[in-house]
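In order of appearance the chains are A, B, C and D, and numbering begins at 1 in each one.
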Amino acid sequence: MKKLINDPEAVVREALEGVAAAHAGRLAVHFDPNYITRADAPVSGKVAVLSGGGSGHEPLHGGFVGPGMLDAAVPGAVFTSPTPDQVLAATQAVDSGAGVLHIVKNYTGDVLNFETAAELAVAEGVDVAAVVIDDDVAVKDSTYTAGRRGVGATVLAEKICGAAAEAGRPLADVATLCRHVNGQARSMGMALTSCIVPHVGTPTFELGEDEMEIGIGIHGEPGRERVKLEPADAIVERLLGPILDDLPFRSGDRVLALVNGMGGTPLIELYIVYRRVAQLLGERSIAIERNLVGNYITSLEMAGCSITLLKLDDELTQLWDAPVNTPGLRWGA
Amino acid sequence: MAIGTPEVVDWVRLSAAALEDERDRLNRLDADIGDGDHGANMARGFTAAAERLAAAAPETPAAALRTVGMTLLSTVGGAAGPLYGSFFIGLAGGLGDAAEVDAATWSAALTQAVAGVVRRGKAELGDKTMVDALTPAAETLEAAAGNGAAFGAALAGSAAAAETGAEATTPLVARKGRASYLGERSAGHQDPGATSSALLLRIAAETWGARDE
Amino acid sequence: MKKLINDPEAVVREALEGVAAAHAGRLAVHFDPNYITRADAPVSGKVAVLSGGGSGHEPLHGGFVGPGMLDAAVPGAVFTSPTPDQVLAATQAVDSGAGVLHIVKNYTGDVLNFETAAELAVAEGVDVAAVVIDDDVAVKDSTYTAGRRGVGATVLAEKICGAAAEAGRPLADVATLCRHVNGQARSMGMALTSCIVPHVGTPTFELGEDEMEIGIGIHGEPGRERVKLEPADAIVERLLGPILDDLPFRSGDRVLALVNGMGGTPLIELYIVYRRVAQLLGERSIAIERNLVGNYITSLEMAGCSITLLKLDDELTQLWDAPVNTPGLRWGA
Amino acid sequence: MAIGTPEVVDWVRLSAAALEDERDRLNRLDADIGDGDHGANMARGFTAAAERLAAAAPETPAAALRTVGMTLLSTVGGAAGPLYGSFFIGLAGGLGDAAEVDAATWSAALTQAVAGVVRRGKAELGDKTMVDALTPAAETLEAAAGNGAAFGAALAGSAAAAETGAEATTPLVARKGRASYLGERSAGHQDPGATSSALLLRIAAETWGARDE
């Protein structure tokens, strides 16, 4: 295992110390329980937006804390959801009385821990609304199973709900918006290589030198299928097809396209992926009105990418364009 | 037999030791159909719980079990944390302020605890989760307690039922938890959470059963 | 070789097509010869700032084109300097009459091709000033050799000179500032893994599973020494020591600290590196007034990091803080 | 012997073919002490130059050589691009509008071309660069031309001197170009640029020398 770390057990703590040192003044990092808030939290009268999950997906979530996006991020151990006491403490720290939106990625652990935390917070008098993000079309959806995983749409929901909260909209409204974003977004990812969880020390899965995993999750969970390596253009088609079919996205739609790196893929390759996404959507007369190309929701050092499409309307576009000032996403500020 | 607070503490202490021993096996089971951390999660949580009980002696079995539940909640994370948290908080709720535990009170508590897990996780029997071990264990214990069986024997039967239930998860296709993303590919592997549940109940039978002779 | 590419020979072209599609409206991408300019270039009355070099270091340079930073970027083939005709065409495209600053990383190929281009541009009546960046303390400096390589300081010089140009300062002045930035900046890097040049297809160098290369360049050039893998804290000391000694940086200095990823290193590790940088500078009473943590000057998928320190003064800090609006670096806009 | 434009075009065409053949060897030499692209760079540039000459027939040797220089400038990149660009533009400058090339004019042109490379790259003899092959080649040719040697023999001597110079770079520590970052670690490897220079001069001797019999 080759990593720039000291002690595998101390990765999250030391990275948080680095975040605290790098972003003092913008972010407040709290330890034991671990959570990150805007330095100026709670923001009086404003609904707070909180998210969290296992670490190892940076910049998600800590890198998205700041004006116009998250009020708090709650990092668990690497690939392990945070515990309810962490989420509770963060919820209380950012609540100004206007309530707190929990944006939760759909993994059993995340859902259960956030649910427990929300119950505790409500018992403490905090108004909490929780929205579960489940945009990963690689997983078959069913009411009898855990359902789809939450992936790229989380970034978009955090940005858009953060903007709505900043604009003064009430909790129920921001929660409805969050469900709307989730409903209009679809994602799928793939991996060229595995990641290595620090305290495990060996790759989560083994892929041959000529193999790739299609439909991978962001924790190295196995995907839909393992196939032979293909050119980038063919890979894009494999990802985009199920995404387009699922919502479905249709000719005339306006979308936001996120081409996301898994952590170990260089930017030059992500632009080659974006090129093909733009070509294929162009052929289908789907207009990419906004885009994002880079590493936003990662799986440690995994090489690979995911694609997320969000169907835009005027309201979503306007909220997307609103100022945001976080370490991981910034414009208009 | 008299199962009081010290025996409950013993159970947790010995469970922590057993989970440390079984850490790798549970991790490997979880690696096959999940993310490979169930052993680490459980060992971390129970070690913390045992330490907390060693540091501050609780007054009643229920108080001890509630401490365990709260500790698991704040140290385990993942799916297992809230589920085992609910389980132990459920056990505590079922025991109330009783100073001692017998087959009847334990059976009632276990039934309540399993209901808590089901309420939280919404898994049904056959979804390939810890519920597949816990539910038969509670049912077997209830039947034995109803028949007036000795507590030790009842516990042993309950542990055996949990083990059978855990083994029976192997052919199943997971419908809950991380393994469900695998769909058909989850069949052929024993569920790690069901395995750890059976382990906990086995340790209870061994720890408390010995007292019962 | 596992990469999200189609044809190894088409990597640069297809990535540029992706850039063109993703940033239409902000950037203009010109093909044959290849270069990227601000969409609104030439900006009347403003000195233009241009840089370039081999591809594979993204976001450098193309990701730094935009208001407040570069007017043009000239990408060569992967790890190969661009040719004079490219640089000439880009220079002419962005010149508003106020002249063009060439920021050149100190590699023989880059220096010679930019020199040739500058001569041609001058012959065409364009006022050109060139500044060579050579901040890499891993290489022994000497007037008898090619000297030090240009690495992390390039990013800082592009930002700061871009701000000065935006503020209306004349060419000679912006060039002097660029030399000042270079003079006040020092860098050093290391690699945990090699990169793979697409048209080569095999790793540039082989490192054992327990080895790392200290003092590596950004093209996979061998470094100062190959040593056994160490914890992140020890690695930081190996990089920071030579940097601090070289300028030297002293107690009481104010600095900008750039912790840069080589492309394949996840952000969580870079924050562990930053943590130690902050600790060590704190111990020496050197104040980090500004910082940047992320992938800014990369080597394809190489895992590793580099550290750059720039000694700040009020002028540099103010120019650093000035608005910048590029795909790779953005604030205040 | 009469070396006119067609013979110059032949030289470039055969050099392109030879560089394609030697691409891997030059890449490997460059991988040892540089970035492993010298063979690819040279093959790409000369293939482009040969194609351009084949497409548009230039009028004079100098015009052909200037086209080569400009093509190398815009297709090779790296260090070798501007240096070989200068070299061929220098050859063109040295020949002026002469319709034919002989030992004396070629010697003068080569001397001017090498001076252009030195001016551009600032490398001295012994810095472990192409200058270590080019300088002795130019000097040997000048001496032979001064002694009234036949053009073919003079070219052969010049090529041999370039090869000796290229081989002599092996023990040297590089002081210019990418290899200089290696310091002492650059010793023990032959310089790729000196090797490609010797190759070009060898092809000239073979191509034009044959005409000279």
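The working rule: contacts are C-beta pairs under 8 Å (C-beta built on N, C-alpha and C of every residue); 3 or more make two chains touch, one makes a residue touch a chain.
Given the structure is predicted, the values throughout are model-derived calculations rather than measurements.
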- Which chains contact both subunit B and subunit C? A
- Message: For subunit B and subunit D, which third chains touch each of them?
- Response: none
- Note on the structure: At the largest C-alpha centroid distance from subunit D we find chain B
- Task: Find the geometric centre of each of subunit A and subunit B from their Cα atoms only, then give the gap between the two centres in Å, rounded to an integer.
- Result: 33
- CA centroids of subunit A and subunit C: separation to the nearest Å works out as 29
- Query: Per the centroid of Cα atoms for each chain, what is the distance between subunit A and subunit D, given in Å?
  - Reply: 56
- Item | Residues within subunit B bordering two or more other chains | none
- Query: Quick one: do these chains touch in a line, a ring, a star, all-to-all (complete), or other?
  - Reply: line
- Of all possible chain pairs, which ones touch? A-B, A-C, C-D
- So, in the complex, the side of subunit D touching subunit C is made of residues 31, 34-37, 40-41, 73-83, 85, 120-121, 174-178, 180-183, 185
- Message: With touch defined as at the start, can you tell me which subunit A residues reach subunit C in the complex?
- Response: 2-7, 11-12, 14-19, 21-22, 55-56, 58-59, 63, 192-193, 209, 212, 229, 231-233, 235, 263-275, 278-279, 288, 291, 293, 295, 298, 300-301, 303-305, 325, 327, 330-333
- Task: Would you pull the subunit C residues touching subunit D in the complex into a rising list?
- Result: 33, 54, 76-77, 79-86, 107-109, 112-113, 115-116, 139-140, 142, 144-146, 149, 197, 199-200, 204, 217, 219-222
